[in-house]
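In the two complexes below, subunit A is the common chain; its partner is subunit B in one and subunit C in the other.
What follows is the complex of A and B.
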């Protein structure tokens, strides 16, 4: 009797487990794993305008991609973007966190003020940057300011020499994401034990740079590693601001075309080359995985702190 | 019966899961049809900017007696939406399409509509009907014609002592002379023309994108020469760049930011309203001895999806709407926006197209119109447009760039011919 009741309870528990977890698992399967698997399968086929192709082409899509200047230059674009955005966001968010952390009054207010841009959509911000701040005519905000000091108007997004478009692309993302990473750093800063600072003061460390360099910065190591990791992955997935700043109804310029924009046009644009697009997605996922794992190992992410 | 808290939660969780699943792809647009007999058809249009168009197409659909047609007016990236929907069963029965593309035809996504045009084929503008033909069959019915042309401000040209340019060299000179600290000479779009011009300079140089026998049509030094002149416009700083609205919108021209602008026929009413008679229109000027003025034309087409369960009903409806009901066709072309009816007979009798700049536009379309060939695939287009970008903005060597494009386009042509 007791055994039967126990078995029943056990079965009930399993039933309840699947009632609550089942929908999520089903969603994950239907919307994530099946498309992922399908995408890998498609990458080995000639799949123009079809998701059920019948012409097996082996690794042709992969070799075509690696030979395609447009794809390789999109990877190069990503590298340049990462080179700009990762250090800039890192420095800006850390600086903001240090400033906000030192405030004795209105800390919550400034924290909210700096965090607020994170709530703005990338599309909206990109359009504001493109149409009001950095448009190329004389009444754009940036050009009006330059006009005051006698500088000619600049076509920010339309010139490649000098490549002013990088300034527009980097600043919009910096504005949008610095506040979010500031919060991560703030959490990190608040975890540092005050006794460390007291000990440093007793040992004669000068407040300011010396304390920052020898106490604060090393204590933020775990946060820093996580922030850099997230920044690199996010940079790889850049799409919204690039697309909204640089595309028009007729297409997209070859400079500053990151991998996701390239894949969007290949697979979902007029081309509808789903095989090539899938091969690109697989390659991109592999690159992100290798970079992430490499970076994590290099920085020792997840390794237990010594001592 | 009492419901336990746990029971309620479980029912809630199960019903939301079911709700989630049933929400996927349920809106095909086929439901909600009227109480008429016949099948329920779903018809898709992209969102037109002109007021009243949506009501008009819904009115046409409601007037059809042999099926219940529900119209979906779709904002956003329409081309991508239809392309994705055609891969599934939740797509439209009939739809308008910026094409159909060769891959769509070869992928058997659109039905053959040759029979629907029997007897009236010659009345359709042949330049826009040509890219709808493949394998001796017609795959879409052209709805209305859109064309692009060069708008110029007469007073600004007179003040600068410049004549409306008849050759590409004259256009380069005119743009230079018309440029000053407040006004630029020419606006070809914020990307300096790389996007919108496409093959236009090549046709102006007497070449073409793809020849009739399916070979690359611009493997010729004249191509590099013409594109080099667009680069000169850029280096002379005669081009307006970074305007708040792009080439398709006439605001840069009407607001006096530029003396000349490349735009479309659709912009004509707005330009007329803003500038009165102080403007004229031109085709893209010719280049070189073999050159000829060129005017790009295109037409959205009405097509039938092969995944539709009511293909024949869809064909009957399209024949009724885009072949038989010429009154609706004229209404659609001219009452809301400003387009040329795809039927020559309708274009000829339309009063709004008989005088001034509109009449010039119709004449240019007939005399100099060219449409992007069906064999010009999206991959070829991207390769060419990338090259154009590099030539104009980065100063890349036109010869070298075009050689690379010729190789890519040849490979694309080989690919599509194999199918």
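What follows is the complex of A and C.
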């Protein structure tokens, strides 16, 4: 009697569990797992302009991709971009957090100002950067300022030699993101126990560099790992600023195409080569998985923190 | 002797504080300049923007630019604003509703396979948008949803991240209230709506704000799906102006300025919640 009642209650709970969780699980299945599977399937076909192809080509799409300079150079572009943006954002947001954290007054004000760009879209930010600051003609702000010190006009976005466009691309993202990561660091800083600093003062550590090196920085380890991981993953997603800064009525220049821009033009540009695009998506997924797992291992993510 | 060092130290500390404050003020101005340029160019005359002698203040403030933007029939700006508003609101409401239910179920309803389900949800976090946009486009286009609001909204409603944040929040939620509700004979469903939701406003505000900002600012998905002009969002419309040959700069800038107003409002109203939500998101 009680056993049936118990089983009934259990079944009742299972039912309610699925009422609550089911819709989300179903949605994620349909819009993440199914597309991924479909993508793997499509990547073995010659699929131009169609999602139901009939020409099986095996690994041809993959070999074509790996032989395609545009694809390999997109990976190279990603590496260069990551090499610039990750350290720059990490250092800038940590520095902002340290400065803001020590303020006694107006902390909320400065926090808001630095976080405010997060409310701006990449499209709008790229517009300001491209049309108003770095537009390569005299009426741009950057060239005006350089003009005051006697430097000739710089064609920021339309030259590869020297590749000034990297400065434009990196500063947009830095402006948009630094405030967000600053918040993460601020949260990390607030979790450091004041007794550690007191102990350091008793031991004669000079406030400033010594305290930062021996106390603050090691204590921020967990936050740092999370920030770097997020920065790299986000760098892989870079699309908006590249697309909006570099493409114009004449199209997209052959240089500075990160993987997502490459995929966009391959899969959805003229020809709509969905087979090749899908193979690119699958390769990218593998690369991201390897990088993420490698990085997690390297930093010992998931291991219990000591202390 | 000791007293003299103390005095010198105090002076040093004060000087250090002043330098830091000056640096912060300078950085704050630097961070605000792009916003200023947006408004400056939006309210300037075309000649002022393209003048070779750049000036910090435009010679005229043209409030008329705003009306001109909405009168210009060659640009579907109003339509794209409405699309964005509809999409952002629907996405926010839908995501928060679905994710909060899932988060609550995962945190509070005992079920044998709950952990497996949780990992299946978390697993989707490992698949970045960079990888899913081509396959999801393939799926959505095979459903015939290209250039429809459905295609723009439905695939974005399911957020593993939001599920995760809600689950973490509900795990730390005091059980007493729900126990009292259960004693009163309320089931999971009614307990959730009458007891849990009214007491969990901060997390709803935090997740809602983050989702809203993301939806309003999102670009790649609307660019891919909104192929028809009538399905453009405000970001796609702005982008199409910047990449087109004929562009009226002041109109472009005033349009961009208008496009960030809703977000600035949401941001100012809810920024406390965003900060709390980010801090509590469990990323570290």
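In the analysis below, the second predicted complex is superposed on the first by the 291 of 307 C-alpha atoms of A that agree within 3 Å, B and C clash if a C-alpha of one lies under 4 Å from a C-alpha of the other, contacts with A are read in each partner's own complex, and residues count from 1 in each chain.
The rule is short, and it goes like this: a contact is a pair of C-beta atoms (placed from the backbone, for glycine too) under 8 Å apart; a residue touches a chain by one contact, two chains touch by 3 or more.
Model, not experiment: these values are computed from the prediction.
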- request: In the overlay, answer first, second, both or neither for which of subunit B and subunit C A:91 touches.
  value: neither
- prompt: Between subunit B (first) and subunit C (second), which does A:131 come into contact with in this model arrangement: first, second, both, or neither?
  reply: both
Query: Who touches more of subunit A, subunit B or subunit C?
result: C
Query: Which partner does A:59 contact after superposing on A: first (subunit B), second (subunit C), both, neither?
result: neither
Task: Look at A:243 in the shared chain and tell me whether it touches subunit B only, subunit C only, both, or neither; answer first, second, both or neither.
output: second
Query: First (subunit B), second (subunit C), both or neither: which does A:268 touch?
result: both
Query: Does subunit B (first) or subunit C (second) touch A:16, or do both, or does neither?
result: both
Message: Applying the document's definition of touch, where does A:70 land relative to subunit B and subunit C: first, second, both, or neither?
response: first
Field: Touching partner for A:27 - first (subunit B), second (subunit C), both, neither
entry: both
Task: Using the superposition on chain A described above, determine whether A:158 touches subunit B (first), subunit C (second), both, or neither.
output: first
Field: Intersection of the subunit A residues that touch subunit B with those that touch subunit C
entry: 16, 19-20, 23, 27, 51, 131, 138, 140, 248-249, 268
Sites on subunit B touched by subunit A in the complex: 6, 10, 13-14, 16-17, 20-21, 79-80, 83-84, 86-87, 98-99, 101, 103-104, 106-107, 109, 182, 189-192, 194-196, 198, 240-244, 246, 248, 257, 377-379, 381-383, 385-386, 389-390, 393-395, 404
Message: Touching residues of subunit C toward subunit A in the complex: what are they?
response: 20-21, 23-24, 27-28, 31-32, 34-35, 37-38, 41, 49-52, 54, 98-99, 101-102, 104-106, 109-112, 114, 117, 120-121, 124, 126-139, 141-142, 154-155, 157-158, 160, 163, 187-189, 192, 213, 216-217, 219-220, 223-224, 235, 238-239, 242-245, 249, 252-253, 256, 259-260, 263-264, 266-267, 271, 274-275, 278-279, 283-284
Field: Touching residues (chain side subunit A, partner subunit C) in the complex
entry: 13-14, 16-21, 23-25, 27-28, 30-36, 38-39, 42, 51-52, 96, 99-100, 102-103, 110-133, 138-141, 144, 175, 179-180, 183-184, 186-188, 222-223, 225-226, 230, 233, 236-237, 239-240, 243-244, 247-249, 259-260, 263-264, 267-268, 274, 277-278, 280-282, 284-285, 288-289, 292
Partner subunit B, residues of subunit A touching it in the complex: 16, 19-20, 22-23, 26-27, 48-51, 69-70, 131, 134-138, 140, 154-161, 248-251, 253-255, 265, 268-273
